[in-house]
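What follows is a pair of complexes built around subunit A, which joins subunit B in one and subunit C in the other.
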Partner chain A sequence: MSVSDTTALPLAEESGPAITPLRKGTDPMATAAAGPWRLVARKLVRQKLAMAAGAMIVLLYLVALFCEVIAPGLPETSRAQYTFAPPQRLGLFVNKPDGTSTFQLHVKGYRTEIDKVALRRTFVVDETRIVPVGFFVKGPAYTLWGLIPMDTHLIGPLRPSDPMYLLGTDRLGRDLFSRLIYGTRVSMSIGLIGVSLSLMLGVVLGALAGFYGGWVDMLIGRLVEVVSAMPTIPLWLGLAAAIPVTWSPLQVYFVITIIVSLLAWTSLAREVRGRFLALRNEDFVTAARLDGSRERRLIFRHILPSLTSHILAVVTLAIPTMIVAETSLSFLGIGLKPPVVSWGVLLQDAQNVRTVATAPWLLFWPAAAVVLAVLSFNFFGDGLRDAADPYHG
Partner chain B sequence: MAGYILRRILYMIPTLFGMSLISFLIIELPPGDYLTSLLATMSDSGQTIDPAQVELLKSIYGLDQPFYVQYFKWIWGILSRGDFGYSFEWNQPVSKLIWERMGSTLLISILSLVFVWVVSFPIGLYSAVKRHSIGDHVFTLIGFLGLAIPNFILALVLMYVAFAWLGQSVGGLYSPEFADAPWSWDKFVDLLAHLWIPIIIIGSSGTAALIRILRANLTDELNKPYVLTARAKGLPEHEVVLIYPVRIALNPFVSALGWVLPHLVSGVTIVAIVLNLPTAGPLLFRALVSQDMYLAGSFILLLSALTLVGMLVSDVLLALLDPRIRLG
Partner chain C sequence: MSGLPPTQSLPPDVVLSVRDLSIDFTMHDYILHAVRQVSFDLRRGETLCLVGESGSGKSVTARSLMGLVERPGRLVGGSILLREGDGAVDVATLDPKSRAIRAIRGKRIGLVFQEPMSSLSPVHTIGFQIGQAVRLHSGLSKDEARERTIELLRQVEISNPAAMVDRYAFEFSGGMRQRAMIAMALAGNPEILIADEPTTALDVTTQAEILDLVRRLQVEKGMSMLLITHDLGVVAETADTVAVMRYGKVVETGGVDAIFHAPQHPYTRQLLAATVKLERGARTVAPAGEPVLSVSNLSKVYSTEGSFFGRKPFSLKAVDDVSFDLHAGENLGIVGESGSGKTTIGKLLMRVIEPTAGSISYRGADGAMREVTTLDAGGLAAFRRDVRFVFQDPFGSLNPRMTVREIIADPLVVSGLGQDRKQVQARVAELMTMVGLDPKGMERYPHAFSGGQRQRIGIARALALDPRVIIADEATSALDVSIRSQVLDLLLELQQRLSLSFVFISHDISVIRYFCDRVAVMHRGKIVEIGPAAEICSAPREPYTQSLISAVPSPDPRHKRMLNRRRFVAPVPA
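Moving on to the complex of A and B:
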C-alpha cells in the first residue's frame, strides 16, 4: 500500500475496526479450505495478461502438434515460377460480372512483369485472377505424426495447383506460411525438451546442494558460478561447432537440445537450492524426519512438492532462452540445418541484406514468431511467479 | 578492505580453473585435431609442410598425448609465456591474433554498459515515481519488447531499415574510405557514426532488465516509513526521492556490472557476426567453423575471464558502497 493511498482514504472508512476489509467477491470459508493449487490457479486467473499469454502458448503448441493439418502445403514443395512471390491478402467478397458480390474466401493470383532496368521478374497482383480458398480442403498428401496418411488441410486453395502464399515465398518458391507452421513444431519442441533436461539437472543438483549443504553445496555452487559466468553465445557456438556434419538431422536436433539445456539449468538449480535451504528446517520437515522418513522420501515427498509452483515459474521463464538459443545457432548455420525447418533455419534466409530488401517477409514473419513465443512465455512466467506463493503478498 | 579484495581474487582462481577446463574441452571436442586435417588437405593439393615444424608443434602442444597432458601444456604456456596455442588456419600464434579483437570487444561492451546505465537510470526513476502513468506503461511495454527480441534479429531489422529507407549500409566499424586511414578526427567521427547502432542493439535487453529492477527496488524503498517521515517533515519531493531511496536502489546498478556483462559479451559476439564488426565474434565464429580450435578456445576463455573481471570489479564497488557486504 503506497503512502498516497493511505492518506487519500476518507475519514469515515478509517474510523471502522482496524482490520483489512475483505476483497469483494471472496468467500473466506472457501479460501480457507482451498488447497494450494486452487489458490495458485485463482491468483493466476486474476492476471489477464498472463492468461492471454497462456492461451497464446497453448495455441502455439496446438499449431506445433497439428502442423501438417494447419499448413496449406508441404514445407519442401518448391515452385520455380513463384520465387520471392510477395504475400497475398485473404479477401472475403468476390465481385461478379453483373455488379453484385458474393461471399467467397479467396486470394488474388499473380502476374509477372519484367523489370526492364533491374532485369528481373517482379510479381504484380492480378485482380482478374481469383483463387478461391476454402477450409478443410484436399491438398498434398502427408502422414500425420508419421502415422496417419491424410490429405485434408485446414486452409488451402480449392484447386490444389493454384498459388496461395499468404506470407509469400522464399528464393526457391517455397510457401513461407507452411514452412513457418512446420518450424513451430521444431522450435517449440526444442524449448520443451530442453527445459525438461535442464529441469532434471537443476532440480537434482539444486536439491543436493540445498539439502546437504557443506562441501556438496560448495562444489555445486562453484559449478553453477562457472557455468553462469561464462558468456552463453560463445559457449553455445563452441559446443555446436563440434557436431560432425555427417550426423543425421534427428541426431543434430537432440544434440542441440542437450547443448541448449546444458547452460540453462543454473538458474533452476539456484532457485531450488534457495527454497531447500529455506524449507529444510521447517516444522513439517522436522516432523517427517522424526517420523523416520528416509532422506529420499524427505526430498521427494515433503520438500519438492511444496516448491513445485516456483519450479514451474522458473521453467516457464527458461523456455524462451532455449528458443532464442536454437534460433541463434541455426541462424548462424551451426545449429539445425535444412531440410529441417525451424524458425532459426528460416531466418538464415534473411541473413543477406539484399535478400531482405527484395523479400522483407522472409525476415519479418519468422522474427515475429520468435518474438511472439518469447513474449508469451515471459508474460505467462511472470504471472506464474507472482501466483506461485499463494500464502504471501 | 584489502583483505576483502584479496579474498575475492583468491576466490576467483577455482572459477577461472573451471572456465579454462571448459574452454579446453571445447578445443578437444571436435573429432581429430586441426593439424591432421590440415596435413591431409595440404597433401591433397600437392603442397608440403616442413616435417620438422610439424614435429615441433606436436611436441610443444602435446598433440599426440592424453587430454590432461595437453591441457597442462596449454595452461602452462598461457601462464608462463602468454602462449595461447597456435592458429593453424592463420599460421600464426594465437596470441598475435586475439588481443586487438579483445580490445574492441572490451570497448564495445563497456560503451554498451554505459549506454545501459545512462538510459535505464532516468527511465527507471521516472517509472518508479510515476507508477502506472501512461509513460510508465509505455516504457514497460518497450522494455518487454527489448527483452523479447533477440539481439541478432534486432540487428537484422535495423540493417534492413538502414538499407531500405536510409540507403546506407551499416556493417563494420568504419566507412570504406577510413578503414585503413591513420587516426584522425574525421575517422573518429566516422567510428562514432557506426558505433551507435551495435551499442543500442547490444544494450537493449540489459537496459530493459535494469529498468525493471530499478523500478521494483525504488518502489519498495519509497514505501518505507522513513520516506513517509521525510515527507511529513516537509522535505521537498525531489530531496525525498533522490537523497536516500535512490542511493539504496542504485546498488543493482553496480552489481549489474557482474551479471549484465556476460549478456553484453554474448550480445557483442552474435551482433558482431551479423554486422561484421572487427571484434572477437566473427573471428571466433570463423575459427569454430574451420575447427581452428586453439584460437576458438582461447577466445572463449578470454571472454569468460572478461566477465569474471567484471564481477570482481562489481563486488569491490559494492563493498565500497555498502558496509554490510564489506563487514558481513
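Moving on to the complex of A and C:
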C-alpha cells in the first residue's frame, strides 16, 4: 500500500503485519487494488467443482449454438428400415483381410433378425459390416441459424446413405443423437429466456418490496405467497390448454416460456427483497441519502451494484428449475409438441413401458442430458453464491 | 502426557509459561505470521495484561493457551507450559480434540469473551448454560448443580440469583450478561482466567463494575489472570505485569509501573503518548460566535399502539425535551452511555428520523434562521449540503462496490457540481490531500484501506460540499488509539482552515475532553448537564456526571481512579 496510517508517525521498525508470500515474486497485497468483480472471479476460480460445472455449461451452450453442425443428420429424417435400431459403438481400428489393422474411425452396420416366436423383427449390430466415419463430412443440407446454407457436419458416415446411429433410433427410425443435440438448443434456451423474464419480475418487485417496505412490501409479499401456493402442474395444464392449436411451434415455444417464468419469479423476488432489506439500513446507503441522492439513484447506483453478484448466483440456480419445468410439461404432452425437438419431447417417446423395454436408450439419453445440465447449473450456481460476496468469508 | 522431564519444570511461582510461541495463518497466496516467538510467564495470583492494537495477535495468543486455534491458523512453534504438580504439561503438543486438553479447558483455564451478546445461547436459560458447565466439571447432580449455579451468580453479584437463574440472556443487560459469562468461566474453579477484551462492549460505569468484580474474585480464589485489552487505562487500573504486542511480537514486557513511567520501546512510548494526549483538552480559546444550530425542546418518542393480537401499547422516550445551541466555530460534545439517546439526536439533527416535538433552527450562510423540522425536499437538500455527517463504522459507511473517487465525488455529482470529469478528479485529489491521503489511491476500492484511512475517506466525502457544520457520530470509536488521536488532530486542523463547527457525539470521555469546547452529558434521553468541557471533565456538578467521569480508567498506575469512583444510583423512572 502506498498510503499508510503509520507514515504520519515514523516510529517503530515495522510498519505492517509479517507476511510471507507463498509464491515468489507475488505481492500478496495486490488484491488491495483489485475491483470487486476481480475478487469474485478470483474466489470462483478456486472452486474446482464449480469451474468444471461452468465449463460443462459453456460446452452445452456451444452445442446449442452450433447444433446443426454438430448433429450428424437432421432431426426429422426418418428411415423406416431402421426403427428402434440400437446404439452403435465408435471403433478406431479396422482389421484388414491380410490380418493387419489400420486406423479407421468406423461404426458397425446392422443386421435384422426375426424372432421366430413373436415374429418380431429386431436389429443387431453386424460386426462384419464396417461403416467408415469421418470428421467434417458432407451430409444432409441445412441452413445454419436459418441463414447460412451448409452441408458440412462435425461427424458423420463417409457415405451419406450409410446408417450411423451413435445413440440409436426411435420408433420412426430417426437418429436420437441428432435429435438430442437439436433438443439442447430448445431446452437450454428456454431456461435462459424464462429466467430473464422472471429476473425482471423478481428483481423489480423484490427491490420495491425491500426498499419501500410498509404496505408495498406487504402487498408484494402476499402476491408472492399466493403465486407460490398455486399447484403448478394443474395451472400449467390450464394455461397450456388455452394455447390455440393453430399457433405455430415458435409461438407455442414463447408462450410456454412465459408460463414457466410467471410462476418461477417468486423465489428470486424473495431473495432480492431480503438483500434490499439488509442493505437499506447500511450506513453507506444513509450516507448516500445524506449526500442528496434521490431514491432512484439510491436503488440503482448504490444498492443494486452490491447485489448483482448475488442475483447472478440466484439466476444460475433458477435456470435448472426452468429446464425441468419445460421437460415435465413436454413429457406430459402439454408443453412443446413435435415437430419441435426438446429433451422433454424426446422423453415423451419413452412414455410406455414396452418402448422402454425394447429401446431403453430412448429414456436414458434425454434423461441423462437433463441431469447433466441441471447438475452443472446447480454446482456452478453454488460456487458463484459462495464467491458472490468478496468481502466476507 | 502428564508431566515433562524435571529439567523443564517451572520456577515455583509460575503457573503458565509461554516460550517462543509462533502461530501462522495460511491464506490463499501468503502466510500471515500472526504470532511470532511470543514469550511470557504468568505468576500465581498475578494479573498479566496483553496490550496491543487491532491485528497485534493478542487474542490468537490467548486462545492458543486453550488449544483454540482455528483453521487456517496453525501453531508452528514454541511451547505453552502449564504447571501440573511439580512438573508441567505442554499444551502446545496436545491434540485440540483430546481428552487431556478438554480437562484443561474450563477446569484449569477459564475464558471470558468480549461479546456477551453472542457468547450466550438465546434459547436456553442462563441457569441451564452455567449448570452445564458446572456438571461437566464436577459431576454434580442436577439439583446440586442448580444450587451451585445460584451460588456462582451470587458470587458475580447478580441480585436475586434464585430468580435470575431461570431467565434468558435477552432479559439480561450487557453488564449482567458479562457477569453470567464470568460465572460460567468460574464454574470449573480454574486457576487461570483469560479475559479477552471483557469490557470493550460495555459502558464505562459497567466496565468499572466488571473490573472491580473480576479483581475481587481473583483475590478471593487466588487465580492468575491474563487480561487482553487495547485500552491502556484498563491496563493501568488492573495489571501487575504488562506485555505490549505489535504485529505478532511482544515488543516490551515489564511491571506496570515500569511500562507506564519508564517505557523502553518506541512503540510503547507512542501508544502511551497517544493515550496521555487525550487526557487534556486541545482547545484553549472557546469561540463565542453566533449560534448556527439551535435546538429547543426536541423530543423523540418511539411508540406502538396496542393491537388486536394482544400486543401491549408501548412507548419509549429516546430523546426527552433536549435544548442546546451550537455556536459558530465551536465544538460541542454530546456524551452519554449506550441508550442515552445521543445517536438519536444526531439522526434528528440530520432529519434521518423525524422528531416527535420541538424545533431545530439553522442559520444559513446568508444569516437567516430557518426551521429545519419543516423544510421541504429542496430546502432539506440545501440544509444537508451545509450540515454533513461522519459515521462511526469506517467499514459499513463506504460503498464496497465504488472506488474512492466515486465515493468522494458522489455528493458533487448528485448536487450537480460534478459535470466535468476533470474538475471532479481535481477536487477529489484536493480533498484527499486535505485529509492526509495519497490521491494516487483514488481508483482503489475501500477494502484496500485500513480503518483509519477509511475514516479519512468518510471525512473527505463530508467536506466535498464545503459544509459549515459537521455532525460526527462516534467517528473515532472504531479506531485504534494512535489512529484515533491522528484523526482528531486532522479534524481540529480542518476546523481551523475551513471554519467548521462540530457536534461530536461520543461515549468516550477522553475524546470529548480533547476535542470539544462544551459538553452536554446525556442520560436516559435528557441532558443532565451542559457546560465547558474542562469544567465538566474535572469538576462535574451533577451526581450522574460525577459517576461517569470517575469511572473512566486513568492511564497512570500511580493514580488509579476507578477504585475511588463515585457511584450513581439512578432514580427508578415512574
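Keep in mind that, in the parts below, the second predicted complex is superposed on the first by the 365 of 393 C-alpha atoms of A that agree within 3 Å, B and C clash if a C-alpha of one lies under 4 Å from a C-alpha of the other, contacts with A are read in each partner's own complex, and residues count from 1 in each chain.
Please note the rule applied: a contact is a pair of C-beta atoms (placed from the backbone, for glycine too) under 8 Å apart; a residue touches a chain by one contact, two chains touch by 3 or more.
None of the values given here were measured: they were computed from a predicted structure.
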Subunit B versus subunit C as contact partner of A:V107, first or second or both or neither: neither
A:A50 touches, of subunit B and subunit C: first, second, both or neither? neither
Subunit B versus subunit C as contact partner of A:I319, first or second or both or neither: neither
Which of subunit B and subunit C A:F331 touches, first, second, both or neither: first
First (subunit B), second (subunit C), both or neither touched by A:L235: first
First (subunit B), second (subunit C), both or neither touched by A:A367: first
Partner chain in contact with A:V133 - subunit B first, subunit C second, else both or neither: neither
First, second, both or neither for A:L375, with subunit B first and subunit C second: first
Touching partner for A:R297 - first (subunit B), second (subunit C), both, neither: second
Set intersection of subunit A contacts, subunit C complex versus subunit B complex: 1-3
Of all residues in subunit C, those that touch subunit A in their complex: 26-34, 36, 55, 246-248, 251, 265-267, 270, 350, 352, 381, 384-385, 388-389, 391-393, 396-403, 410-411, 414-415, 436-438, 440-441, 443-445, 447-450, 452-453, 458, 461, 482-483, 486
Subunit C partner contacts - residues on subunit A that touch it in the complex: 1-5, 8-9, 11-12, 14, 16-23, 26, 28, 31-36, 46, 282-284, 286-294, 297, 302, 305-306, 391
Interface residues, subunit B side, partner subunit A - complex: 14-15, 18-19, 22-23, 26, 29-31, 131, 144-145, 147-150, 152-153, 156-157, 159-160, 163-164, 169, 222-223, 227-228, 231, 262-263, 265-267, 269-270, 273-274, 280, 284-285, 288-289, 291, 296-297, 299-300, 303-304, 307-308, 311
Subunit B-touching residues of subunit A, taken from the complex the two chains share: 1-3, 222-223, 225-235, 237-239, 241-242, 244, 320, 324, 327-328, 331-332, 334, 347, 350-351, 353, 356-357, 360, 363, 367, 370-371, 374-375, 378-379
